[in-house]
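Let me give you the structure first, and then I'll get to my questions.
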Amino acid sequence: MTSALLEANNLVRIYQIRRGLFGKPTPVRAVNGVSIKLMPGETLGIVGESGSGKSTLGRMLLGIDPAQSGEVKFEGKPMAPPGTAEWRALRARMQFVYQDPLAALDRRLTIATQIGEPLNIHKLIPKEHRAARVEELMSAVGLRRDQAGRFPHELSGGQRQRAVIARALASRPRLLVCDEPVSALDVSIQAQVVNMLRDLQEQNRIAMIFISHDLKVVRNIADRVAVMYLGQIVEEASSDVIFHSPRHPYTEALVSSVPVPGKILEGRRILQGEPPNPAKRPSGCAFHPRCPLASDICRTSAPDLRSIGNGRTAACHLVPGETAPVAA
Amino acid sequence: MIPNLVELRSLRVAFDGVQVLHGIDLDVGRGESVGLVGESGCGKSVTWLAALGLLPGKASVTGSVRIEGREICGGSRHVLEEVRGGRIAMIFQDPSSSLNPVIRIGRQITEALAIHRRLHGEAAKTEALRLMDMVGIPDARRRFDLYPHEFSGGQCQRLMIAMALAGQPDLLIADEPTTALDATIQAQILDLLVQLRAETGMAMVFISHDLGAVSQVCERVCAMYAGRIVEQGRMEQLFAEPRHPYTRGLFDAIPRIDGPRQRLIPITGTVPNPKNLPAGCAFSPRCGRAVEACRSDLPNLEPIHDGRRLACHRPVPVVSAPPVRTRTLEAV
Amino acid sequence: MIRFVLTRLLRAVMTIFAVVTFAFVVLRMSGDPAQVMLGPDVPQDAVDAFRKAWGLDQPLWVQYLAYIKSIFSGDFGVSMRDKVSALQLVLERIPATLQLTLPALLLKLLIGIPAGVYAALHRQSFADRGVILLAIFGFTIPSFVMGLLLVLIFSVILGVLPSGGQDTWMHSILPTITMSIGGIGILARFSRSAMIEVMGQPYIRTASAKGLKWSDVVWGHALPNAAVPIVTIVGFMVGSLIAGAVVVESIFSWPGIGRLLVVSVTNRDLAVVQCILLMIAATMVISNLVVDLLYGWLDPRLRAQTAH
Amino acid sequence: MTSADMAQKQSAQPQSARSGVLGLISYLRRHVPFSVGLGIFWLAAMVLVACFADSLRPYGITAMDLTNRLASPGNAAHWLGTDELGRDVLSRLIQSIRVSLVIAFGATILSAVFGTALGFAAAKFRGAVEHLVLVLADFQAALPFLIMSLAVLAFFGSSMLLLVCLMGFYGWERYARIARGLAISASAQGYAAAVVQLGATPTRVYLRHILPNVASTLIVSMTLTFPEIILMESGLSFLGLGVQPPETSLGNMVGFGREYLTRAPWTMLAPALVIMLTTLSISLVGDWLRDTLDPTVR
């Protein structure tokens, strides 16, 4: 069994929100004890609503945001602290794709120069071959040769995102963390970019962490999916199973809230109440205020993530553990 | 046939000489709910902003917009103001920035009540509180005097719906109301819209690029591309067998949550720039079924045998549509 | 809300204190006032006597402490030249300056803001271009040139208005206009851009979609939002009123604080200069404080962030 | 696109630089609105006058021609007439342009560099440094600048160097705030953060990415503070505390012209006109520059 490419165990991230100039800072636990294992070439989808901490987790896995406790290991070695030379050298092997491509690109430089920038930074290939490599990358992501000299604002949303992905692949990374990479795109363009991402991933055996609130896209691109709620993973399973037969009540509600074109969904489980505020964390299980099946134990003690058979895990008192058969 | 509530006839809009809307013909019956789907830039929001005269000054709007036979397109400002909120109300996409940040939400609701229902003072407040309860704002009494930034995105959207209902309109235009919201909150708002329509019997136009959301609330659907309606028909008809290649492409491109994990089927190319639209049918460069005729003359929207209206020279055949995709749809 | 006020008050006091200290140190270090006051050919012991009398011979920080103590006791030192209490000298001149600056401020507010708002609502109209032109003029023509031009036209050529002195109210017309033209231009341009930015916001479209009359949309929804940035620039203008008076009072030989400052600066009259500096800094800081408080009242989001 | 045409034009005519200059002028004429063109032309004239002041001046600035004192403009020997001491107004004007432009230019550069450095420092080190810079900026804004410079100049005596340094302290807080704001927004989630993710060293991020983007905004704000500095300097000279005689500047020419306003207004009008036209053209060119420097607007 090859060793995991990326391993993180019970990461915790606490922000200090300061109320006013001299107001006392209130600590907010954006990520509250998350453990993840990712094999080379595997794609892990992370879904959750706003405030679930999925973006923060993505940044922690890349070592951008420091973790208050817990640690991240890349290829077995602990992650170097940000700002150090090893951390920068490590960037060549792991890359980040943002949601808004226009913000991630420098307005003043043509996309060809920006795609080739990682090559200059890490001096991967001799200078004379870099132009050819850029061209190869551009055609890999479906950009035409004549678009090399254009500025970011002269391209469409989809083309810009392709340029960002080409730049991310320039240094042949082993890991790609994408935070809502296609949410800003129209459906038809979204499909183009998703297909391209999967092809490139398979050709170069890149492991990928795909963060999104859109369950439909994650279902089609991820091997495994982790559902997050208020800084914790509440359920994790393979993407074939998790949305077909969700175990955790929150996953169930999430799946039932996804409208399927052409079919009016009757009797859906619609969650009442508002998305949780990380600053005011409910007692016990964080989901109990909105959970239709909440009982006393849910209100008092927080369930931990337990294995519930055939490689699935869930964090809920009502979901029976590994031993008992899977109840309704 | 009871007369239509609203009839748009060859509605055209141009910004600084660039034609964005190329003649929209659309009817909305009393109490009916119509979906307007299409990708960004196809002009679906511009259609209704133009109809209500909400476009900025430099936009030139031509064509006819009739409410129960009364023409309002190009009408005097007084006429339009009386229609807006009173006969046709509109809610928008980004709830947090569509409410005035420096005015209490209570006053923003009673303001509409004062204009359209002549309610003032205590009577207006009680009616506003009733509306807030109706759209599901928890303990409205205490939150009547709060400001918009003290509400979540979902609650702001509910407040906007309450404001729209204040004038007891006959038609509610919902312009991408759920796009900026989380999935669970989106489901709540869609459910609320369906329930409100049942209670008040008002007609609704639901504008969105999310076909799933549209199919939850609409009886009839129009697909738009590059400033024109390309296909229009009953929801079940259109979703079961889309005949226009673009509508079919839209359905195939949507990733499925049920069923096996498979590659998506994108529509190649990108949306044309309104400044230089291709000759003939605007979709021809991206259309797999395009023939010579498609690239030369523009198909116009004609009714076809099953009551649908279609603008295509070579629509997707009905019977022989073999791809697995449609079959799994029926199976679900 | 209280903490919001307290933090602003604390910052105001600190800034005044910093300005006073800075002025004190700079003035004391910059050469020996005694030498200037008594003239170059005065014998050395007379100079020493003078320095001793004014306490100038003590080390700097001793003088500083004495100065601070005296301020709190309301004694702002005595003018070396006129042997009169500096504070009293300054207080005499305040009405004259106010007679100029207050009408100028009113003119700026009453003409600048409405012109800017009107131009924003009627883009590309002649009013819009007029405001832009007025703003450029206000921005590029220095107040002294404007003053001299007005004197040239109205006093020299037309002979309608007096060019200097403070006898009748007619005398205050030209100086007031000179002070306000620049301000009107800048305020108009600023309110115009603030209004244009607000009119493009989504909540304005919601307001008109509710069926509000155009005037209600502008007065009820747009202006309260445009008020926040406009209040900032007005606060800054109020603060720098007296600074503006310095030049204008010199042109029209108007016996106000500005002129007194120029005179006492050239004569190295330390106490008077410091007293005026303190007063100007105080008006600056107080106007900023008022603006901050207005913020809290005008924009509830700010109150929420800083208060509870 | 426009820079691309420029490039082709240059390479198409490989001959002498003269054709390059012509290419530049024709490019300018095609792309620049008329008023801005006038502004550029006026500024170019000012800079030329400032550089070749000595050779352009018909007389020495203190040369007195007592025979025709207060001669009106159009006089054979003195095109712009003479002042109360018979000195040639044109020669003094040319010298004043040089002095005023040098002071204003030096001061703008000083305040821009000083402000940007502090702005970047605040953005880079955040925490205490950022607080210090912001408090200093508030202090500077609260300070009545004109008054302070009056006091300092009066007590320290006014020398050219002191004047430039003092003016250099004018408006630095604007650059500091702009530089800090842009640097933070860029490194928070913008393109700078993305380049950091690529593994670039902080210096590379600042020099290759943040500085060029910030530079265009700073250049535009320089065109805003430049005229303000000219007005400030001429205001001080007008009050007799700026440039001291025998040196002459636009401000003190207007100041001295004041007494003879009724009999010889040209002694005051000539420098006043130059001040107005220079500040007008700078703000016009500044606005135009803001649009062209920002590629998204092109």
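Every chain is named by a letter (A, B, C and D) in the order it is written, and numbering of its residues begins at 1.
As a convention for this text, a residue touches a chain if its C-beta (ideal position, glycine included) is under 8 Å from a C-beta of that chain, and two chains touch if they have at least 3 such contacts.
From a predicted model like this one, the values you see are computed outputs, not experimental measurements.
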Just how many steps, at minimum, does a route from subunit B to subunit D need if it may pass only between touching chains? 2
Considering only mean CA positions as chain centres, point out the chain farthest from subunit A. C
Just how far, in Å, is the C-alpha centre of subunit B from the one of subunit A? 32
Between subunit C and subunit D, tell me the centre distance in angstrom, where each centre is the average of that chain's C-alpha atoms. 24
Chain centre separation in whole Å, for subunit C relative to subunit A (CA means): 54
Centre to centre, by mean C-alpha position, how many angstrom separate subunit B and subunit C? 54
Touching two or more other chains - residue numbers and ranges from subunit B: none
Name, in rising order, each residue of subunit A that touches subunit D in their complex. 62, 64, 83, 88-92, 95-96, 98, 103-108, 117-118, 121-122, 149, 151, 153, 164, 167, 171
In the complex, go through subunit C and note every residue touching subunit B. 123, 201-203, 205-214, 220-221, 224-225, 228, 298-301, 304
Residues of subunit D touching subunit C in their complex? 138-139, 141-148, 150-152, 154-157, 227, 231, 234-235, 238-241, 254-255, 257-258, 261-262, 265, 268, 272, 275-276, 279-280, 283-284
Residues of subunit A that touch subunit B when the two form their complex: 49-50, 156, 158-159, 186-192, 194-195, 198, 213, 215-217, 219-220, 239-240, 243-244, 253-265, 268, 270-272, 274-275
Subunit A touches which residues of subunit D in the complex? 4, 189-191, 194-195, 197-202, 204, 209, 212-213, 294-296
